[in-house]
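What follows is chain A paired twice: with chain B in the first complex and chain C in the second.
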Partner chain A sequence: MSKILGKLGRIPWWAYYITIFVTVIIPMIFPLGLPLLIEPMTQRYFDVLDTAPAGTIVLYSSTQGFDSEKVTGPITEANLKLLAKNNIKFVYEPWSADGAIYAAVLIDRLNLDETYGLVYGEDYVLMPFLAGMESAMAAGASDFRVAYSQDHFGHPINSLPLMENLYNIDDVDFVIWGYTHCTHIDIAMRQYYTLYGKELITYTSGCASSAAPYFDKGVIGFADAAYGAAQLEILGEIPGSGLKRMDPRTLTILTSVVFVVIANIGYFADRQGRKN
Partner chain B sequence: MLPILIEALATNEAITLLFQTILIFGMLSFLWKTNPYYTVTEQMMIGGRTAVFFLVMLEGIIGVFGDIAAGMVWRIIPVVMGVLFFVGLTRIRWAGRYPNAIITGGGLGVLFGLSLRAQIVDQMASSIMALVTFNPDPISGVIIFVGTILTVSYFLYTYKQEGPLAWTSRIARWFMAISFGNMWAQIIFYRLDGLIACMKIVVQDFLLRLF
Partner chain C sequence: MIVTYFAGLIAMFSLIMSRSSRIIKNVGINEITLRDGTFFIALFVFAGVYLVFGSGSSSMTWLNVIILSTISAAVTAHRAFYYLVWGYRRLRFGNMYTIMLAIGGLTWCLKEAPAFVIAFPQIAEISHWVWTVPATAATRGALIASAIGAVSLGLRALVGKEPALVEAEVE
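Right, the complex of A and B next:
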């Protein structure tokens, strides 16, 4: 018996790949409508945005660009829609060379100006990319005008109505931190919370566990990639690309768990067989 | 079939989708083995990104010269530092050490003290406080505290891991294994999210609309 079960531990890699491909494609053709759990951290993330009074100003700082769009695209879309829907003004600081271009393309693609009446310069400002990551973040947080003389489109900072009374991070209400590398949460914690006491809501690209240690210690809500986006879309009633991905995602996770269980049965049976 | 295909391809969006599909299959062909189709796709991605990065950087450099012309004379300092990087290719290569030293020193200064506070002192304080405040809940508070203490004990190399320390190390290994397993699972799902996004382009956005 243990010999037969032991073979389960040697599932060929192509069998896993083919199964994953099938479980990704089938729900795209025949949507299943699998249930979705709203996590408390994501609920808190949504509540922060939903209860912010109109006219709240946030610093939207993000490391994402086109390379991470496939993973963080849905959550960025959900974020921008919620900001626009709740009339929250934001200053977008990109920490990827193509970050500002990405944000501009996304805002344009989502048609936020027509749907929610978002006006550039009054409701949001896109800063250009600054090299230096953490040093540049520190410079931006201490004085926007020292770090940037003009915005992404080349307008002088002082000519933008939103920047009129906005000099440094003390002038914003809270920070949205979108990051694509798991250790980047530490940078935002250092430069925004530890130094200035600004609380963060943060979204990640599959690094929720890196934000978890800071939950309620600077991070007041976090959402993870497409799964977080789908939850925000349900809570905010703003259907988008996150929800569309949930059926394939849930199914692939279940499939992967089944493979892990089968492989473990095989491993332990094999070990038992060798002992005997 | 052919007229429908031509009609569908007669828009910018359709051509973009077709191009994306070709590139996605090129990338996925790596699962079989490294092949010319994959290599071309890979090089296209690297080349495209390099071009975008170069243009963004160039724009930044031009912007700095604009600032200097507008009276922000101090911005000449980073320009000089940047130029000094290139003297490493000349006889006065020693001067190239200055920008390196300044960037390293400045970078360390920006993060060092804050790292201690954010990642060690504040985390230790909140782990202890969680026992008193029951935040997020009493069980989690205890698990976090016990997990932290035991994991630290695992890295006590000044004592031999025997007696009670052997047990604490063994439990600590479980805590670490669960944490690493969780991280590993998240990395897999990060990749799966990418695959789902790509297949959505191929299946939902392109093929299902085409047929």
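Right, the complex of A and C next:
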């Protein structure tokens, strides 16, 4: 008996891969519509965006690009939709080399100009990538015109209506900080909150624990990757790719947990067999 | 800003020099030349398109959407499968450490399964407590330790007792 059970701990990797693949594919073809819980910090994230008066201006500062799209794509989509839906104007500062291209592609893909009447230059501006990360962030926060002479598309900053009365971070109402490396939350806290007192709503790609020390000490809302995106999509009634991922996510995780339990049954059976 | 750009330029130049010298030393098709060759192809293609057409051009967008995004998707998917198989092989109740790792890992996994949290909301409460109390304390401790470490690293670098990162890359 222990020999048979012992084999449970030695399932070949390809059998595992196939099982996981099936648990991802099936709910994608036949969506199950499994429910999900709204987390308190995500609710607060949503409330900040939902209660912001029309015409509010935010600094949307983010480290994401195409390389992190698979993780932070849904939350970025949800953010852009909520900003457009609530008529919040934003200046997008990218901190990865392909960040501005990514934002432009995403805005185009989501068709925000036709759906919500988003106009480039009036409702949002995409800044070009500046190398240097924190030092570049500091430069942008202190004076947009010193850091950037033109936007991502090559228009002079002064020719953009949104930038007319926008000189530095003091002129924005709050900051949206999207980060893909766990220590990047500290940079935003240093450059935006500690220096200028600007509160942040922030999202990440699986670095939730790094943001927790700053809850209510600069970070007033938090959403975590696709799970956070799905919650924002429910709250804002803007269904998107976050919700689509939730069924495969639940099934994959539960399958993995079952596999870990099976592995442990096999492990103990093996140990028992060796003792005998 | 100027210092940062200058430092970046030096780092890039050093990287090109070190990889070039490795290719010269390892003539023929082997792991090193394939890796460094890929680096140079990617560098020349992306830098070339950027310099000729600009960062906001449709060519740069195409490169990013078609090439970079596709590679990134493949790597992410592969990594996801790898992590799951790793969990199957390693999260075993063998000793105190693996038991702690397994309990922590499984709790985190279950908390990340949206439908499971609806069925057992207690897991969300436990997870939230772990997140905001012990994890936050540990993160704060790590932040303080890394700050002290960064200062001491800086001091060691100033007195010439710390090899530069570029030198480490060359080795």
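Here is the rule we go by: the second predicted complex is superposed on the first by the 241 of 276 C-alpha atoms of A that agree within 3 Å, B and C clash if a C-alpha of one lies under 4 Å from a C-alpha of the other, contacts with A are read in each partner's own complex, and residues count from 1 in each chain.
Everything below uses one rule, namely that contacts are C-beta pairs under 8 Å (C-beta built on N, C-alpha and C of every residue); 3 or more make two chains touch, one makes a residue touch a chain.
In this text, all values refer to a predicted model and were calculated from it rather than measured experimentally.
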Go through the superposed model and pick first if A:A54 touches only chain B, second if only chain C, both, or neither. neither
Which of the two partners, first being chain B and second being chain C, lies in contact with A:T194: first, second, both, or neither? first
Mind working out whether A:S256 is in touch with chain B, chain C, both or neither, as first, second, both or neither? both
Would you sort A:F129 into first (chain B), second (chain C), both or neither based on which partner it touches? both
Touched partner set for A:M1, first chain B, second chain C, both or neither: neither
Partner chain in contact with A:S205 - chain B first, chain C second, else both or neither: first
For A:M28, using the defined touch cut-off, is the partner it touches chain B, chain C, both, or neither? Pick first, second, both or neither. first
Is A:Y17 touching anything from chain B or chain C once the two structures are fitted on A? First, second, both or neither. both
Of the partners chain B and chain C, which touch A:P248 in the superposed model: first, second, both, neither? first
Check chain A for residues that touch chain B in one structure and chain C in the other, and list them. 17, 20, 66-67, 70-71, 98, 101, 128-132, 135, 186, 208-209, 213, 215, 249, 252-253, 256
Please output the residues of chain B touching chain A within their complex, sorted ascending. 31, 49, 52-53, 56-57, 59-60, 63, 66-67, 70, 72, 103, 106-107, 110-111, 114-115, 117-119, 122-123, 126, 135-136, 179, 182-183, 186-190, 192-200, 203-204, 208
What part of chain A is in contact with chain B in the complex they form? 17, 20-21, 24-25, 28-29, 66-67, 70-71, 73, 97-98, 101, 128-132, 134-135, 138, 149-150, 182, 186-187, 189-191, 193-195, 205-209, 213, 215-218, 224-226, 241, 244-245, 248-249, 252-253, 256
Across the complex, what residues on chain C touch chain A? 1, 3-5, 8, 54-56, 60-61, 64-65, 68-69, 72-73, 76-77, 81, 84-85, 87-89, 91-94, 102, 105-106, 109-110, 112-118, 121, 124, 128, 131-132, 135-136, 138-140, 143
Residue ranges of chain A touching chain C (in the complex, touch as defined): 9, 11, 13, 16-17, 20, 34-37, 39-40, 65-71, 98, 100-102, 104-105, 128-132, 135-136, 139, 147, 152-154, 186, 208-210, 212-213, 215, 227, 230, 246-247, 249-250, 252-254, 256-257, 259-260, 263-264, 267-268
